[in-house]
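Some structures to go through are shown next.
You will see subunit A twice below: alongside subunit B first, and alongside subunit C after that.
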Partner chain A sequence: MSDEKMSVIVQTIAGMLFPMVLIFSFYVILHGHLTPGGGFQGGAIGASAVALLIVAYGSKTIEKKMAEENLSIFESLGGLVFVIVAIAGFILASAFLSNFLVGEPLFGQIPGWGESPLNSGGFLPILNIAVGMKVIGGLSAIVLMLALVSREVKEQ
Partner chain B sequence: MIEINLFEVLIVVLSVFMIASAVIAVWFKDLLASVISLAAMSLVLSLYFYILHAPDVAIAEAGVGAALTTAILIITIRATYRMEGEK
Partner chain C sequence: MKKLAFIGFVVFCLFLFYAAYDIRDFGAPPSSMDDRIIGSYNSTTGEWEYGAVNETGANNAVTSVVFDYRGYDTLGEATVLFTAIAGVMLLFGGRKHE
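Let's turn to the complex of A and B:
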């Protein structure tokens, strides 16, 4: 009953707000090694954008658009990228999670005090992106499955 | 002559607001109003973290506490009963 779609006003505003919140989430993730925030914080912001869509459009519509399996695959891909990069540090450099990309021309130096370019910090942006993928996929799947299952419980 | 520090005044005001909204969250019988009160407490807590020079924790608190926890609790209330003690 109460899981039906909300009014057209709420749906329109949620659809307009969703890309903006997602872009802010990507900003927080990509600047994780320079400014406050990082993979987890940006991922939580992106998952709250998906929760906004679930509240506005109802869980069934969102389940058709982004299936829970796809979200789980996205989450597992993030974990896989993190582990592969960490083991590459073990193979190419001295130890597990060793920053083997620092000093390369594309990835830059370790950022110091003050302003730094975006491509700095070695492999830290890659790790932040991996953690962000994991948090977006995991928290979105949790909220989506909670909405779907609670709807089934209510109907019984 | 008493010197009033603006920072301490802000901390006292935020603490009073946080304690008030936490007590209100326990006191309400309407669980939906309790959840909204908890979200307000979480928002003030993130402002508190920001003025204590922990912007990283403030972003995490605002994202998880004020947005995701509220959504999860409201979805859970929708599957059960809205009023406390209702059957």
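Let's turn to the complex of A and C:
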């Protein structure tokens, strides 16, 4: 199916929207311990940006830019970071997934009344980033894979 | 049947409005139940005394529950996502070699 792409207007608007949606997704992930949201929600927003590109440009063009194997590796990397941080809590502190960074000067600053510093929360931002990587990579890989397969089914 | 559904809908809406009257006002000070969860702030020393903010250092108490107090749950959720992607890759991953 060669006419899978949409018109130039849609492609241009999607290309302009893609970085903004991605930046909003990173904002939701990085501020997960301060504002509503977190890794899962921000990751779903980022995956929706990739889905927008797939709808506008067609799955074949997107597959050349980002292979689903790389997305899958990205997703597994997020899971690996999550488990490594959890085991580090087991080694450095009392238990598996215990917050070993809270109280430390760099990340564990406890905010006062009405303050919201970015480097608070102990290991919560790290876990948010790990889960965000997981969800962005995973949902993008699923959407891209299903789009490619449905395209191949239509061709036959 | 349609009438019954409409009556049920109206009764449910009335119940919701009745419940909404019991919500505390916007911007009202935290109740004692919030104190147990979020913690209480001592303005003379400038420190949190107990609760989620004191223990995890995160302003968002929901995130501190999801990633700290119930971290195993989040790990399981991530495993569910991993399993879903592994299933999709297993089904469709080898289509190039056919």
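Quick note on the criterion: the second predicted complex is superposed on the first by the 148 of 156 C-alpha atoms of A that agree within 3 Å, B and C clash if a C-alpha of one lies under 4 Å from a C-alpha of the other, contacts with A are read in each partner's own complex, and residues count from 1 in each chain.
Here is the rule we use: contacts are C-beta pairs under 8 Å (C-beta built on N, C-alpha and C of every residue); 3 or more make two chains touch, one makes a residue touch a chain.
Remember, it's a predicted structure, so these values are computed and weren't measured experimentally.
S.K.: Look at where subunit B and subunit C land on subunit A after superposing the complexes, then choose clash or fit.
M.R.: Because the two structures are overlaid on the shared chain, the partners are seen to fit without clashing.
S.K.: A:Val131 contacts which: subunit B (first), subunit C (second), both, neither?
M.R.: Touch partner of A:Val131: subunit C, not subunit B.
S.K.: Quick one: classify A:Leu146 as touching subunit B (first), subunit C (second), both or neither.
M.R.: A:Leu146 sits against subunit B and subunit C alike.
S.K.: Please work out whether A:Pro36 is in contact with subunit B alone, subunit C alone, both, or neither, and reply first, second, both or neither.
M.R.: Both partners, subunit B and subunit C.
S.K.: After superposition on the shared chain, which partner residues are touched by A:Val102: those of subunit B (first), subunit C (second), both, or neither?
M.R.: Only subunit C; A:Val102 stays clear of subunit B.
S.K.: Who does A:Val28 touch here: subunit B (first), subunit C (second), both, or neither?
M.R.: first
S.K.: Given the touch rule stated above, what does A:Lys154 touch, subunit B (first), subunit C (second), both, or neither?
M.R.: first
S.K.: Would you check which partner chain A:Ala51 touches, where first means subunit B only, second means subunit C only, and both and neither mean what they say?
M.R.: Touch status of A:Ala51: first partner only.
S.K.: Can you tell me whether subunit B or subunit C touches more residues on subunit A?
M.R.: Answer, by number of touched residues of subunit A: C.
S.K.: Taking the superposition as given, tell me the minimum C-alpha spacing from subunit B to subunit C, whole angstrom.
M.R.: 5
S.K.: If I apply the document's touch criterion, which positions on subunit A are contacted by subunit B in one structure and by subunit C in the other?
M.R.: Comparing the two interfaces on subunit A, one with subunit B and one with subunit C, the shared residues are 36, 38, 40, 142, 146.
S.K.: List the residues on subunit C that touch subunit A in their complex, please.
M.R.: Going through subunit C, the ones touching subunit A are 41, 43, 46-48, 53-60, 62-64, 66-68, 71-72, 74-75, 77-78, 81-82, 84-85, 88-89, 92-93, 95.
S.K.: Using the touch definition from the top, list the residues of subunit A that touch subunit B in their complex.
M.R.: 2-3, 28, 36-38, 40-41, 44-45, 47-48, 51, 54-55, 139, 142-143, 146-147, 150-151, 153-154
S.K.: Please name which positions on subunit B make contact with subunit A in the complex.
M.R.: 55-56, 58-60, 63-64, 67-68, 71-72, 74-76, 78-79
S.K.: Hey, which residues of subunit A end up touching subunit C in the complex?
M.R.: Touching subunit C: residues 32-36, 38, 40, 68, 72, 75-76, 78-79, 82-83, 86, 97, 99, 102-103, 108-113, 116, 120-122, 124, 127-128, 131, 134-135, 138, 141-142, 145-146, 148-149, 152 of subunit A.
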